[in-house]
Amino acid sequence: MTSRPSVGFVARQLRHIARIRHGLMAVASGMAVGVIASLMHTMGWLAAPESIWRVGAAAIVAASVFAWLRIRAIGATPLVAALWIEEQSPGAPDFSLVTWVEEGCPSEGALARAAHARLAATDVMAAIRQLTYQQCASPLVFLIGALLLWWRAESASVSDAASTTPRAMPVVVEPADRKNVLHPWDIEVVPPSYAMRRAERLGDASSVRALAGSRLVVSGAAPSGDTLPLTATVRAIRSDSGQAVALPVDRDGDRWLVRTTVQGIPLAMVFANDTVRRQLVIEGVADTVPRVTLQAPIRDSVFRTANGTVPLAAAITDDIGLANALFEVVITSGEGERFTVRTVAVGTQRWSMPALTRRATVRASLDLATLGLQPGDVLHVRAMARDHHPDRDRDLGRSETRAFRIARPSEYDSVAVEPAPPPAVDTSLISQRMLLLLTQKLDRRQRAMPRPEVIRESQRLARDQARLRLAVGDVVFQRLSGESSAEHAHSAGDGHDHGVELQGGKLTLKSEGAGLLDEGNDAPVIAINQPLLEAYNAMWDAGRALEQGDPHAAIPPMQRALEAIERSRAASRLYLRGRPPQVIVDIAKVRLTGRDTGSTASRSARGALPAPAAARDRRLMTWLTGSLAPAAFRDSLALLRIEALGDAPAFASALGSAIDALAAGRDLTPSLVRARRALGVVQGVVPSQWTRGVPRQ
Amino acid sequence: MTSLAWAGRRRFELFCRLGAIVLLGIAALTVWSHGRAGRTASRSSVFTIATPDSLRALRDLVVRNETRAQDTLVMPLRVIPSAPVRAALGTLHQSGIAGTVTWQDATGARGAALTVELEGRPQGGVQLRLAQPDSTDLVVLRDAGGILDSIDAFGSLHGRVRQWQLASAGEGLAVRLSGAILSAPLSRTRNDTVHRVLVIASPGWESKFVMAALEERGWRVESRLAVTPKAAVMVGTSTAPDVTRHAAVVVLDSMNVPTALAAYVRRGGGVVFSGDGVRSPLARELMTVAGDTRVPAVPGALLTATPLDGLERWQFGARDAIPLLRTAGRPTVLAVRIGTGRAIVSGYRNTWQWRMMGTDQGQADHADWWDALVQAALPIAASPINAADPAPGDAAPYADQVAQLGAPQPEQGPSGELQRPHTVSASAVGWPLSIRWLPWLVGLAFGALLVEWASRRLRGEP
Amino acid sequence: MSGDARGVSIAEPFVFATAQYESGDWDSAPLVPANVIDSIARYTNLPVRPQGVIVPLASDAALQYPLLYLTGHLPVRFTAAERQVLTRYLDRGGLLFVDDHNHDVDGAFHKTIREEIRRVAGPLVPLANTHELYRCFFTFENGPPTTSHEMNGWGDNLVHEQLDAIVRAGRIRVLYSNKDYSSEWSFHPDNKRFLSVDNTKFAVNLVVYALTR
């Protein structure tokens, strides 16, 4: 044995002990800082909200202290070790070992023997153990104490924070250890071939948005063995009878595979084995039918003759790709109960794979002469387009329909084709202006005329005035029955009530005019031409004066009648398309005259409409206040989001944010508060003395 | 230096070391005690309740305190304590165990009352009413799920009452205002309200769509729609108003109103006269409504934000009734108590037009309107939550606090400084030191250790 | 309209409305409204206006009449406005009664109107002959009454056993008939006295159903 290795061993042990002590002191210092920071936080002196900051500060302090101690540390050299051994030796030190080391540790001689004897007399290992205890015990105790205090301070801080500012929503963090057969999985989406899109690998996703018809493959690492302890089911999320359908789980080498097809409705796939359960939400996006807009012709038309060419144009768009488009022309011939219908396709255009055309404008021209049209035929023109979706029974994209009609020669008096021509003029009628002129002329000449002649002329004018008055009377009342005469049967007690009264020969409006349009027992008068009514009455006055041979007295009412007619001419005009024959039922006459009587029947009750907002809010609150596992909470949110996508997009959007926050370990509170506000379950009510609430306008 | 001096230095160093250890031990116990209690109750007679859940701290104070009868315990309260704490304080105050117990009002609350009531409508719902004197503070309504609504201030426009209707509410429904938290537990009592409504009407669009609206909101409708004098379409089985069977009766037709309806209302039934139903002799008798004027509808108003203006209505001159809705200063919906029952009169005719000819929201609004009308006529509380509330003072915690402890002492003296309690109890109970002494303890301990270390190093020892 | 403070009924009368659409011959059965109105008055005491109205389907005025009658022979292509109004009409509680005046399953009206209805409200499905519609006033044990026009040599010469309908939430939104009630009921009401059995009684059921469901 040589004494130098022993001294060197002791030196190394001393250095180790120093390092351990420094480390413990550094950690204890950091702990002390952490304790103080926690207490300050508890007392509100420190605003740092998260414990991670306190841990960080403690770590920095610990590292700094350790570095400082190590820099200051005096290295345990062999000389120091020898001196330390001398101190541990029984009896007074003779420094033989120290001198021996200082002399370079000679192997021979009295000094070497004395050193060896000194070393042999010393229980070095026991001294090292004692030193270790002395050096490390205090920092270790301090460290343990600080650790306990920190733990208590932190728990006090957390409980206090929870009691003062409770978090509305839990921060749900995925457990770190979640490696199992379902974590991670790999998702591959293969779109349908007609979509001409590439397959996508989505990795370990929890929700998938894919085109309906896509093939979805979920795979994961399979445990070794013959059987796969895994089940997979799929169900429609919004279906009332949401029966789960089991899907086969296949093995491909060391991986399990589950395949399904994306549908146009939201689906939830659930994977489970004895210990874990995981859900995949599939949001199927349906392929929409092409959107077709007919650009030409822009309006319906009527053709006098079946000649000429009609340009056709339509703009078509599709989300995947157009397959073909055409203009469909439906030609209807006949009238009454006999009609024939034929369909002609014009301007067919096809787009072949593999190029996908999402936007196109198709044009064609319709040669009317080649269609063999007859007067009265009606053409309905529209554009139609189909995309590459393989389902041939699927709906087509259709445009608006334009209708063309080949006019019949006999229909030019119909306002349905053109503005109605004026009705045939009764040329035997003398206009009011002419009557007025004749009356004024008679008035000027009557002094020079014999009285019988004046009376005869005057009565002739009175007859013309009466004919004109009757003609005006025909248009005073616009009546649904088609019966138009103003004087048809108005007499006292005749039971007629058109809102007018016949007083003498004149018509007067009743004072209570309300109800003119909907009176019950006779032909309803739907409008009264007030100026013509005034003219009618003025004509009556004029006619009476003329009958009495007093043309001078007839002139003022005739002037009034002429002014009223002028006002009526200046009024706005309405051209009606035409009225079907009208039958007015005499309700009072037929009331309860039927031979058969009905029976008392019972009406089934209708179910209440669901209140989705309240139900969703209740579900959300149940999850929040319950002890839901993080994964289950996330899955539930994902399901709720899919459910709400259609009818509550703002709520679904907020839930999407919450799911993202959940995945990132952030606070969910803002997202979930936003989601609940989007639901609108809280309504401010106008306060009232009536405690049952007040209906809102 | 002599060995004697060195020995003195060593004793001094030992004293410093032991002192530091003792101080650290005290600090550790202080922290430990604080962590155990969550928040240590102050030993001082100035007892601060920072949260409404400090019952444990109060218990510690009461059970362990050696306060004398002549002591005065003054509590500056930053929030109104919870009901159990208030009850405990009241007991303490009344018993005289802790001497005179008074409080200083640092809550900023000015006395507010909150009622939470389950509504009687079939699809549930909660109605909150908050009453408070004039205040311009922010009012926040929240539950366990977070903030539900916040109102800036009580303006003169809305008076001193605020009301919410919640289609759904979670646990912990509470209102925070002026530093106080008002809460009332949401009872899980089963809603026993009868959800059957009798509709007295003749066949027509109004009766059809009113019944549809009520059924959409979950009411079970009963009616007899006479098609002929002998034949009718029956909805449900009963056509006679019955307090035990019908939550309310809706009268849409002025004819064929059963005479038993008056007795039904007086015995505690609810009735809604709407449209032409208000012209029935019974409505006139019950409601003392006067006025035969029909106000025409405003053309196109059904598509505006005030769709009711688009409906023709009867105009009232009402006496002894509470107007629930007004249009142009005239009441259009009235409410009145009749015996133990309630009656609602709505003058709007042909409300079905709101549904068919209104906006896309009109259908839901029409259903909500009728749901609310029937709800307003329900004569009894759907679920007497507050009656079953174990802490009835929660409806008005401030008032309860005053009732328990008397009016608060002035918080500030004439000079503006916070008044301190006159008497401080001396003896310690439990762990006497507050957490606020901790930094001093730790600092003192570190100081002692520093002195010991310096002395030792100056002596040349490691 | 009349009103009385003593409690006289002032209920709004029922108004029979015929839908007017841009394409086709919407007015091919002009006497049907009067006949239906006559039957309502004859068998019930429902207040009814003595004359029907014609309401453009493209107009919001259609929403004033929760029961609409639509018929025709010719192809029907709704305009965008008609489609929009009809969607709102059906969603809000209206009932559209469509009768094929051709009574021809291969006819242009049948094909086009069903396509339009499918686009607006969904597919039509057969309505069970036990439905409330057939029992709400008069009882029709075998479902919709057969018309004399179903085998008149025109159309498809089929007796259609059932009507088709779109039912949602327990309520008929669209009722579709191939039975040509438009021809069967298209006569002057005064001529009912010559009939041993009134063939318009089913119309009463239709109106009573619409007014009470």
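When the chains are written out, they are named A, B and C in that same order, and each has its own residue count from 1.
Simple rule for what comes next: a contact is a pair of C-beta atoms (placed from the backbone, for glycine too) under 8 Å apart; a residue touches a chain by one contact, two chains touch by 3 or more.
Given the structure is predicted, the values throughout are model-derived calculations rather than measurements.
Of the two chain pairs examined here, A-C and B-C, it is A-C that is joined by more C-beta pairs in contact.
Among the chains present, the centre nearest to the common Cα mean is that of A. The geometric centre of subunit A is 34 Å away from that of subunit B, both derived from CA atoms. Between the Cα centres of subunit A and subunit C there is a gap of 35 Å. Put simply, the C-alpha centre of subunit B and that of subunit C have 54 angstrom between them.
Across the assembly, subunit C contributes residues 43-45, 136-137, 171, 208, 212-213 that each touch 2 or more other chains. For subunit B, residues touching at least two other chains, in rising order: 212, 225, 227-228, 231, 233, 235.
Residues of subunit A in contact with two or more other chains: 592, 597-599, 601, 603, 606-607, 609.
Remark: subunit B residues 202-209, 212, 225-229, 231, 233, 235, 253-255, 257, 276, 279-281, 292, 294, 350, 352-353, 355-357, 360, 362-363 touch subunit C in the complex.
Contact residues of subunit C toward subunit A in the complex are 1, 13, 22-23, 27, 30-31, 34, 37-39, 41-45, 48-51, 54, 73-75, 77, 79-80, 102, 107-108, 112, 132, 135-139, 154, 169-171, 183, 188-189, 198, 201, 204, 208, 212-213. Those residues of subunit B whose C-beta lies close enough to touch subunit A in the complex are 24, 28, 31-32, 34-36, 38-39, 50-51, 53, 117, 119, 122-125, 127, 129, 141-149, 151, 158-159, 161-171, 212, 215-218, 220-221, 225, 227-228, 230-236, 306-308, 322, 324-325, 333, 335, 342, 346, 367-369, 372-373, 375-378, 435-436, 438-439, 442. Only residues 35-36, 39-40, 42-43, 145, 148-149, 152-153, 155-156, 159-160, 163-164, 168-169, 592, 597-603, 605-609, 611, 613-615, 617-618, 620-621, 624-625, 669, 672-673, 676-677, 681-697 of subunit A touch subunit B when the two sit together in their complex. Of all the residues in subunit A, the ones that touch subunit C in their complex are 300, 330, 332, 337-339, 341, 378, 380, 382, 400-401, 403, 480, 514-515, 518, 520-521, 524, 580-587, 590-599, 601, 603-604, 606-607, 609.
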